[in-house]
């Protein structure tokens, strides 16, 4: 299941890594729904130059991050 | 109720399996609302080639995953 | 208040039943806002054949399910 | 503040009443943003006959309900 | 930071005040993104007379309120 | 990972600072998806003068803030 969750864990060392994981999870869902890399590449420019598309993506990432942050108890301990 | 929740449980062995379940749950809701497989198949290409549709789907999956992750206590113990 | 929450409880025996309740709750909200059954029936075909409408509905159901799952402590005990 | 939260409490006797409160809260927010009743009445038909508008409203109600349900500890005890 | 959170606290005496804060927080985010008051005033009529815009705003307020309600432990004690 | 979470922590001294961080996190996600600053600058005017775009952005910020607020235990203690 590594293709859906890298390393198959939600635990990360820091909030920044948790954030990177959140972005990755969202992208991997899109990849699962649209496995054709060429299509995804074709869609990217339009989407990345549309403010509302970017906001929608940022929103989805925020939802992923909420889960990852809870899983890591908000990195309250052991933080650098 | 297996047609809404495979195996009728939210418990999975790993985050990756939880993620796969999240995608499945979202699809099964769509199936419950639109039971006609031909219609769903017809809708798929348009939807899978639209960046905003993909983001919206990824967002819905993220919400499902939040529930599944909480149900599994974020796979904090017994993780591989 | 049975017309908003069937049986007036969030407790269900299994995740699958919780899922069915989530779909039902979302529909009952729509019914509360648009009580005219003829209008709802008229809207249905367009909506059920639009991928983005289906995703939006699945998203709303996911939010309902999150609440129901928490109410049932994720069916962790007493599960079949 | 009764004009934003009826009775100024989130506590209700049953899930059904909690659901009615969720619908009410969402409506009261709209009223706070658009205090002109004539405008709201004018908007209603279009909105109540658009499937996507109804889904969006149902989604917002689901979010309100999540908060109300948590406030009432999901009506786990003292339920009829 | 008073310009983002009035009084720099999420604690309010009642649910109604929490609700008013939720509306305020959402507005202050918009203000932070679009600091030009003239632009915001110009946008208001269109937005306040569009049912979907009002629903979207109500949805965002519901999310803010969820956080404020949790911060106040749902005003379970010390409520009037 | 400082480019995704400033200071690599979710802990802030006050709700207002938490709010500023929420806005920042959302912007940094957008930056991660669209690293070209010129494109982001070009998109800004359209987006900041569209009421629905502003509401959508405020919604995403509200989701980020929910996580940050939980991480800080809602700033219940040690508040100024």
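To keep things simple, chains are lettered A, B, C, D, E and F as they appear, and every chain counts its residues starting from 1.
Quick note on the criterion: contacts are C-beta pairs under 8 Å (C-beta built on N, C-alpha and C of every residue); 3 or more make two chains touch, one makes a residue touch a chain.
Remember, predicted model here, so these are calculated numbers, not experimental data.
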Graph separation of chain A and chain F (steps between touching chains): 1
Homomeric contact chain D-chain E: same or different residue positions, threshold half: different
Approximate Å spacing (C-alpha centroids) for the pair chain A, chain D: 31
Cα-centroid distance, chain B relative to chain C, in whole angstrom: 16
Multi-chain contact residues (two or more partners), chain C: 52, 56-57, 59, 63, 66, 70
Chain contact graph, described as a line, ring, star, complete graph or other shape: ring
Ring walk, chain A to chain B and onward: A, B, C, D, E, F
Interface residues, chain E side, partner chain D - complex: 14-20, 23, 48-52, 54-59, 61-63, 65-66, 69-70, 74-76, 79-80
Residues of chain D defined as touching chain E within the complex: 1-5, 8-11, 25-26, 28-30, 32-34, 39, 43-44, 46-47, 50, 52-53, 56-57, 59-60, 63-64, 66-67, 70-71
